[in-house]
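Same chain, two partners: chain A is paired with chain B first, then with chain C.
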Partner chain A sequence: MKLYIKLVSASIRSRMQYKMNFVFSMVSYGIVMMIDFLMLAAILNRFNEVKGWNLYEVGILYGISSVSLSLYRTVAPEIHEFEKYMIEGEFDSLLIRPVSPLVLLLSKNLDLSRIGGALQGMIIIALSLYHISHTHSITMLLIYLPVILVCGWIISFSLALVTATIAFWTQRIKDFQTFTLYAPFNAANYPMNIYPGWLKFIFFTVIPVAFINYVPMLFLLNKGGSIYYLLLPVLVALLFFYLASAFWNFGIRFYHSTGT
Partner chain B sequence: MVYWHLFRKSFAINMQYRLSHLINNAASAIFGFVYIAIWTGVLTGKEQKSPYSILDMTYYMGASQCILWMTVFLTAGLGIQLGVRNGAISIELARPVSYYFYVVSQEGGRIAYNALFRSLPIGLIFSLTVGFYVPSHWTTLVYSLLSLLLAIGISLNIFYLIGISSCWTTEISWSWAHFIILTLMFSLGGQMVPLTFLPEFLSQLAKWLPFAGVVYYPVLIFLEKADHSVLILQTGWLLVLLFANHGITAAARQKVEIQGG
Partner chain C sequence: MIEARQLTKSFKIYPSKPGILNSMRSLFSAKYEIKHAVDSISFKIDEGEFVGYIGPNGAGKSTTIKMLSGILHPSSGTATVLGIDPQKERKELARNIGIVFGQRTQLWWDLPVKDSFEILKAMYKIDEQDYRHFLKQYDDILEIGRFLETPVRKLSLGQRMRADLAAAMIHNPSVLFLDEPTIGLDVVAKKNIREFLKEMNISHQKTIILTTHDMDDIEQLCSRVIVINQGKTVLDGSLEQLKNHIGLPSILKVLYDEHVNPKNISGVEKIEQNGSELTILYDRSKITSPALLQEISQWGTPKDIQMKEPDIEEVIQNFY
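Moving on to the complex of A and B:
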């Protein structure tokens, strides 16, 4: 942990050499994601709700999904860009160090510009909560929100780790990421009850994005869930993280260098 | 003809990755299914409040997912910024061919590849699952093809404009320009939300911008929900962008600086 903090702080210092670029990219990333939400707001403003969820309730789902994904993108850019280690054979240099390759990958770089996306998500959550507070009590939601965000972050990281591990066999993972990260997180911006059965099945099992926001919110927004629904994100996050790490440790044995 | 040769070579290069592209097609279809589910959820019981029915929106989303691969998911800046960064652009500009057509014909090959190996399979997935619109009159197909070609032209020129602007900007702020232009194409292009559903002032404005000509109009013409006069708007934007790019490319020739190294 000590080593991780030391390596990460060195990475932050190197990034901060270009302050204007950092501020510019963070703000534009946040704005771009905000436009995406405004499109959704335009629809719900006109039609009031989607299968029983109003704009502010969907806003909370949307915000949690955005924050989870952005936090993962902030902390683990090298996992996201992992295919370059396979294609350029750079993974060799990580294997010869006396620290786990995963720790090295995580400490190598932080993509702070992605914090803009997390801030945007937090703003959407705050605005939605403000509106919901007129009709519901939000105390429980406020208390539990940090747990939900941490679980969402762990689930998105685990999904990304599984995808990165595939690179040990396929070298390239960009096309898989669309399948395992972008499409599911886009889907998780909206309530799961709108999807057909087969899509729901995927989002509740193999790519469990439903547990990031939808499941706990069923209870917290009085949509028919029980209090046990609050435990599910924690259990799914821990289980999925364990499985992802085991898969990574299994996959790493199949690494073969490029020979360059 | 050198441009035809570049077009074919670019097509052949993309053929190397067709397996991974087929996986990506499944993901593209899932995006489409997600949007269809959203619209079905939103419009159920409220179709009378909407100019489009659930079936219309299903066809709209299916068609727009297909067209994205020919008009929106082009190579960032058509790759021009890479040449600016490593200095290769000085040689490329000095070649006895038009730099503009040199770049555009290569991307054209990629678009032709995408049409066959991305748009077509995605369209097939939708046809076999939720259905795909079949125009009631053959002339619609002719107008749709024309509108699609104009859309590709507008998009190529927007991407070229962003790419060539890297002669003046630093690469870093350039990459954000690409990100922003993609967002504008998605939002003001009507990919997820048809422009009619946007707030009144934004809807009116967006209908006159080039982004509408990239996704919204070609899809509406195919679905027989737009007047053919929108082709004039698309042609107008294509001409404006062509002239702008012609002028800027000439200026770039004067501007080229060798970065050394």
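Moving on to the complex of A and C:
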């Protein structure tokens, strides 16, 4: 942990060497965030109800999915940009240290500008909760929300780790990320019952984004779920994280490196 | 101390095309060629040896070093370094070896050199006293004190290499893998680095494997030379054996203002004539360059003279 803090602070100091760039990326990300928020509001205004879920219930799904993804993007930008380690052969320099390469990757960088995305999601959750509180009791939801967000974060990180591992064979992963991260998380902005069966199957198994928000909300918003649904996100997050790390450790054996 | 047994690394080369469909296809496709980057190499290196590991570009030098240090997994064969299996106990091995890649710095690019050292200090759990001793010792031999506060990106190539070498020594490893540590350096910087390596080997009993393109590195540093080409060992022996085998010729190119008739001189191995231009391959240990220059000026009036040191690529070609 001490090493992690030391490495992270080194990365922030490196970033601060280019102060203008740092400020600029914060500002531009803020603008993107605003536009995204306005688009969501427009969509939410158009539909009154999506398959039994009203605006604010969908807002909660949307918020959780977007906070989960943003937290992952904040903590693990180097996992997200992993293909550069393959293409430039930079992964070598992580493997000559007496520390796990995953720890080195995570401590190499923090993308603080992504915190904006998490804040945006939080605001949407808060607004939605406020409206829902007129008709539901939200005590249970409030208590359980942190658990949900942590699980969502772990699941998105695990998905990203699996995608990054693919780079040991294919070198490039940008194309895969569309299928394993962007599209599923977009899909998880809305309730799973609007999707056809085969897609639902994927979201409940190989890319388990349904467990991030939909499953626990079935119970918490009285949509016919049982209290055991609250355990599922935790179990899925732990299992999926375990599988993703195992796959990662397996994939490292196939690292090619590059010629000099 | 370091042992390679039938070490082999082969790569599958897929003909790759851009786009998601093609990259998916190449992931599962059976169409590939197998290339042996390292082909069943075996050697045994004892404590305190200074081994030159040479060969042309793409011969498999870096790949071998990466397998010995645990970065790459061999396709077949095994390696042992300090009694440790590099693949099974990579982290344990990392505490006991130092690695320098001449082409790529291991330091934090935007931070002062000192910050990189302090991160490494935490990473290798070095105590304060040893760390202070390290800074003093390496200021004495590599003069790193002069640029400790400078960001790495602002260092000259020679300074950067000194900082990289010091960083590789911070945990006092007993084995050093150096992949082209003198590449791109000027004469003075090369001399500094060679002196440093010599001292590490002689006074500190470090075992060193060095890859290089510079024959002077080999001549001045290495007691033993392993030559590889296309992944296979071509020669494993002393510097003397290498010289006997290939002669290590120096090269002199002379352009005369007219056609000349060269004579035989002892020490000259070969003369190639192309119009009024002569390419003379000679052995510096048998005839000195000034003596040779005196000889050739008697053949005619030289318009231009160029001297070239032997190049690894050419040396290896002389094997065939």
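Assume the second predicted complex is superposed on the first by the 229 of 260 C-alpha atoms of A that agree within 3 Å, B and C clash if a C-alpha of one lies under 4 Å from a C-alpha of the other, contacts with A are read in each partner's own complex, and residues count from 1 in each chain.
Everything that follows uses one rule, which is that contacts are C-beta pairs under 8 Å (C-beta built on N, C-alpha and C of every residue); 3 or more make two chains touch, one makes a residue touch a chain.
Please read these numbers as outputs of a predicted model, since none were measured by experiment.
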Return first, second, both or neither, reflecting whether A:V99 touches chain B, chain C, both chains, or no partner chain. second
For A:V32, using the defined touch cut-off, is the partner it touches chain B, chain C, both, or neither? Pick first, second, both or neither. first
Let me test your reading of the model: by the given contact rule, A:P196 touches which partner, first (chain B), second (chain C), both or neither? first
When the two structures are overlaid on chain A, which partner does A:N222 contact: first (chain B), second (chain C), both, or neither? neither
Report for A:A183: first if it touches chain B alone, second if chain C alone, otherwise both or neither. first
After the superposition on A, what does A:R172 contact: first (chain B), second (chain C), both or neither? both
Answer with first, second, both or neither: which of chain B and chain C does A:S137 touch in the superposed model? neither
So, does A:R46 touch the first partner chain B, the second partner chain C, both, or neither? first
Regarding the shared-chain residue A:R253, is it in contact with chain B (first), chain C (second), both, or neither? second
So chain A touches chain B in one structure and chain C in the other; where do those two contact lists coincide? 170, 172, 175-176, 178
Of all residues in chain C, which touch chain A in the complex? 11, 16, 19-20, 23, 26-27, 58, 62-63, 66, 69-73, 87, 90-92, 94-95, 99, 101, 103-104, 106, 108-111, 115, 118-119, 122-124, 151, 179-180
Counting only contacts in the complex, chain A reaches chain B at residues 18, 21, 24-25, 28-29, 32, 35-36, 38-39, 42-47, 50-51, 170, 172, 174-176, 178-179, 182-183, 186-187, 190-191, 193-196, 199
Taking the complex as given, what residues does chain A use to touch chain C? 2-3, 6-7, 10, 13-14, 17, 89-90, 92-93, 95-100, 169-172, 175-176, 178, 253-257, 259-260
For the complex, which residues does chain B have touching chain A? 20-21, 23-24, 26-28, 30-31, 33-34, 37-38, 40-44, 46, 49-50, 172-173, 176, 179-180, 183, 186-187, 192-193, 197-199, 202
